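The two complexes that follow have chain A in common; it is paired with chain B in the first and with chain C in the second.
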Partner chain A sequence: MVNSSDLQALWLTVRLASTVTVILLLVGTPIAWWLARTRTWWKGPIGAVVALPLVLPPSVLGFYLLLTMGPNGPVGQLTHALGLGLLPFTFWGLVVASVFYSLPFMVQPLQTAFEAVGDRPLEVAATLRASPLDAFFTVAMPLAAPGFLTASILTFAHTVGEFGVVLMIGGNLPGVTRVASVQIYDHVEALEYMQAHRLAAVMLLFSFLVLLALYSWRPNPKKGA
Partner chain B sequence: MKPIQSLLFACLFWCAASAHAKKITIAAAADLKFAMDEIVTSFQQANARAEVDVVYGSSGKFYTQIQQGAPYDLYFSADIGFPRELAKAGLAASEARLYAFGRIVLWSAKLDASKMTLANLTDAKITRIAIANPKHAPYGKRAEEALRASGLWEKVEPKIVYGENIAHTAELVQTGNAQVGIIALALAVNPKLASKGGYWLIPDHLYEPLEQGFILTKRAEGNTLARRFADYMGSKPARAIMTKYGFVLPGEVVGK
Partner chain C sequence: MAGIEGRFRLDWPSFSLDVDLTLPGRGVTALFGHSGSGKTTLLRCIAGLEHAPQGWLSVDGEVWQDADRWLPTHRRPIGYVFQEASLFPHLSVLGNLRYGRKRVRDAQRVSLDQAIELLGIGHLLDRRPDLLSGGERQRVGIARALAVSPRLLLLDEPLAALDWKRKQEILPYLERLHDELEIPILYVSHSPDEVARLADHLVAMEGGKVLAAGPLTETLARLDLPFRLGEDAGAVLDATVGAVDKEWRLARMDFDGGSLWAPDPGLTVGRRIRVRVLARDVSLAKEPGTSSIQNALRGQVDAIGDDEHPGLALVRLRVGESVLLARLTRRAAASLGVASGRELWVQVKSVALLE
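Take a look at the complex of A and B:
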């Protein structure tokens, strides 16, 4: 039903979303932990910066990324000097863009989960001579497990739904930057409504299943915390 | 007057005023960006208080939107095929009229493209070449044709990146993310782009003519302002602006 270039776009989308989810688990967890525990006045500004992609139009993000990652931008000059080449029009360029774009979807659920854990279990762990790092891995993380799952699912799904930023910095290369959302757009622009319908139906079904999983599993938080 | 009467009166007045709409909305292909802005300004000088809104984008998108009842009074496509289809489907208030032939150029913001030809694109120094998406952008289609006709397509294809429309393609080159690009002459001659790098006119025997056409949409039927704007496209000032932006006009000889 779905042709090979559509499959390629779907597979690329899955690869992009998985890569971004893994990176954000590594990057987002310490940020969320810090935000949940800190009492400094920095909490407000940093929290606001993390939340920015929620409200910024993708065109703003795409515009700045195109300028900073290009050959005349600071990031572009850095990646060039490091021998990594330039990021626009590459898979890793999309990964970097998506990490920014999906950051709040990872950090915010994690932060909420960490806050729900509270100080008490960690204090108890400390009296049992657990180091802070130990306490994090053996106490906080298991208690926040549902938060990790929610955050990962949301991050993955949100990256799949990305469109504007990819269109602006991707260059529409098959197998490299042409993700499913862009492929659908191209089908529509080329008036290939049948192909657009097929791929769009796949996306619709996927998104529904993801959200269904999330919401059917969620109303049982008593066991977790 | 009683309140209800004055309300009715206001309503009547408003309805009468909107029947003589002093406002039109134009959907125009992205290559017209600079030329159309100037034509609109000159049209407004000749028609006091005429309110003209222009929306720029890809021809294919406007085609779909008009099919779905988008509120555009005039539709200027980069490919006359789209307005012809709309006219055939009964969605137009006029025949599709040819208004210009588009030209494509090699353009760079960094290199002096005026000293280049398509053959230079195989240089190892050039790693990214931007063209509009040939799948749906008329200018992208012509860029691909020119590269194929020069026997270069296979060699340069791995370096090509695709812009969403011709203005986005120019933006990819302007920001330096692609060293060169194939864009519309109409965009390359604009002062903003012409001040950087240079352009090389791609010989027109390498690609099919870019016949650009427009229509009055069904919605504009009976809208005198829209009709006046359509006629204005054939006027001397409008033709002069189109020529200035490198368009070849109907009735002129395509060529150097």
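Take a look at the complex of A and C:
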């Protein structure tokens, strides 16, 4: 079956995707909330920036991140000064890059879900003495729960499937940055087609199951009672 | 001081609001007008759901908004009922009722049980909102607003989204609120019927401005208001049941200035009741004739106003201390010699008892 270096790559992939999903839930939720509620003209530019990773080649994104986090980049100098070393070619460098890369997959479903909640339930909550933060946690979040599930699944799956950004930022260090997609690439380069097949099949099955879950699962259409 | 004093000005691209009014701090005050008249916007300003920048608002002497203070909605001791009940779909009926309840500290005025009992929803507590009928939903919405034990209850057309049958189902509950609670109510409506039934005080609005404000019976009988009620024009009398005629199944409504007989729905003598007399059901005569109309009162013409139709006139008459409106053709008015100060017989064909 799958050998130990393949397992290591798969485990690293799961670790990366989970970490990125959790971070993006924390970072993406306020961004999506703001985008769904704001009426300023900033909404357009910020929305476009959030959507950029959808259209940019991963190598472009990776290139800029490499420059920014490298020894001469502003983030690189900051992390160096803080004694954290440099981020490129580390697991956390990969996490940072993936957060940017998967940002739209978290923000856009959440934004749609928050927009669907609308103003009224929040106005009702305010007339029932709930502060805006209180209303967010007790009304907006429960009503947008299906959106949170969709966004998390998409973010996780998209992070699992990344390749170009990983190569630019993480390189190919076993156990540190060598995720499953890179491992498959290595197998193919080494003409180990059997191993490539096995790992590729795992990835294919995983992706299909995730999408199957996403497309078959329909929450009860909740009517605004 | 008791009462609500508010001053709001809003300038939106398609709508502007400019009001300055004082409302009584008790009973039901109807904010009445056609759609687009600004009545809902005014209510939302009072609730803090809209922010009129240069506004001013005090309720019972407590300032909620002035030049440098603006109390956000969740800090205002109000209850608010939206046009659609807008129940939280992720909570049960009881969960909805408790949502606001557990966030208030001062809950002296209304208990949760009282709110449930007043709206008759005790049997619905475990249900999910999407399994309720429209009328039940709105009753839960009203109970939810009451359960926060508000100092001021704001209702934004709570019946507008319901059909006639559901309205009749809810109106008695609204009347109970009026009768059994000390909480002042602001009630937005475009229905003269609801206003006549529920309100003690009337604020008529049009185009974002207040046209008239005052006690209901006086304000309804004003002829100088630029908005027209047409078929719905009429007067409201506060009466007492003076006698019941068992043989003919009629009841006599005594009011300040006379009495009227009406079919008896089963009233008891001495009960206070509100009576609505539509202008189209009132005719005028020089002599008390022998027509089928048996309710004839001696009245004096007070003023003559325009009706929606140029061929019709609205005549306001004083009957004792009370006021009635009559709607008749201008030709009939001319041939009767209707003029201010003239004494005539006022014949009332039918009255509506607003129980």
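To be clear about the criterion, the second predicted complex is superposed on the first by the 218 of 225 C-alpha atoms of A that agree within 3 Å, B and C clash if a C-alpha of one lies under 4 Å from a C-alpha of the other, contacts with A are read in each partner's own complex, and residues count from 1 in each chain.
The working rule: a residue touches a chain if its C-beta (ideal position, glycine included) is under 8 Å from a C-beta of that chain, and two chains touch if they have at least 3 such contacts.
Note that the coordinates shown come from a computational prediction; the quantities given were computed from them, not determined experimentally.
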Clash or fit: chain B and chain C on chain A? fit
Quick check on the superposed pair: does A:Leu7 touch chain B, chain C, both, or neither? Answer first, second, both or neither. neither
Could you tell me if A:Pro88 is touching chain B, chain C, both of them or neither one (first, second, both, neither)? first
Of the partners chain B and chain C, which touch A:Thr138 in the superposed model: first, second, both, neither? second
Touched partner set for A:Leu52, first chain B, second chain C, both or neither: neither
Identify the partner contact of A:Pro71: answer first if only chain B is touched, second if only chain C is, both if each is, neither if none is. first
Which of chain B and chain C A:Ala126 touches, first, second, both or neither: second
Just chain B (first), just chain C (second), both, or neither: which does A:Gly171 touch? first
Given the overlay on chain A, how many degrees, to the nearest 10, lie between chain B and chain C at the CA centre of chain A? 150
Of all C-alpha distances between chain B and chain C after superposition, which is the least, in Å? 52
Which of the residues in chain C end up touching chain A in this complex? 47-49, 72-75, 78-80, 82, 84-90, 99-100, 103-104, 129-130, 132, 137, 144-145, 148
Could you please specify the touching residues of chain A with respect to chain B in the complex? 66-67, 69-72, 86, 88-89, 167-169, 171-173, 186, 188-191
Under the stated contact criterion, what part of chain B meets chain A in this complex? 58, 60-61, 63-64, 128, 130, 133, 135-136, 161-164, 168, 171-172, 175-178
Given the complex, residues on chain A that touch chain C span 120-121, 123-132, 134-135, 138-139, 142-143, 222-225
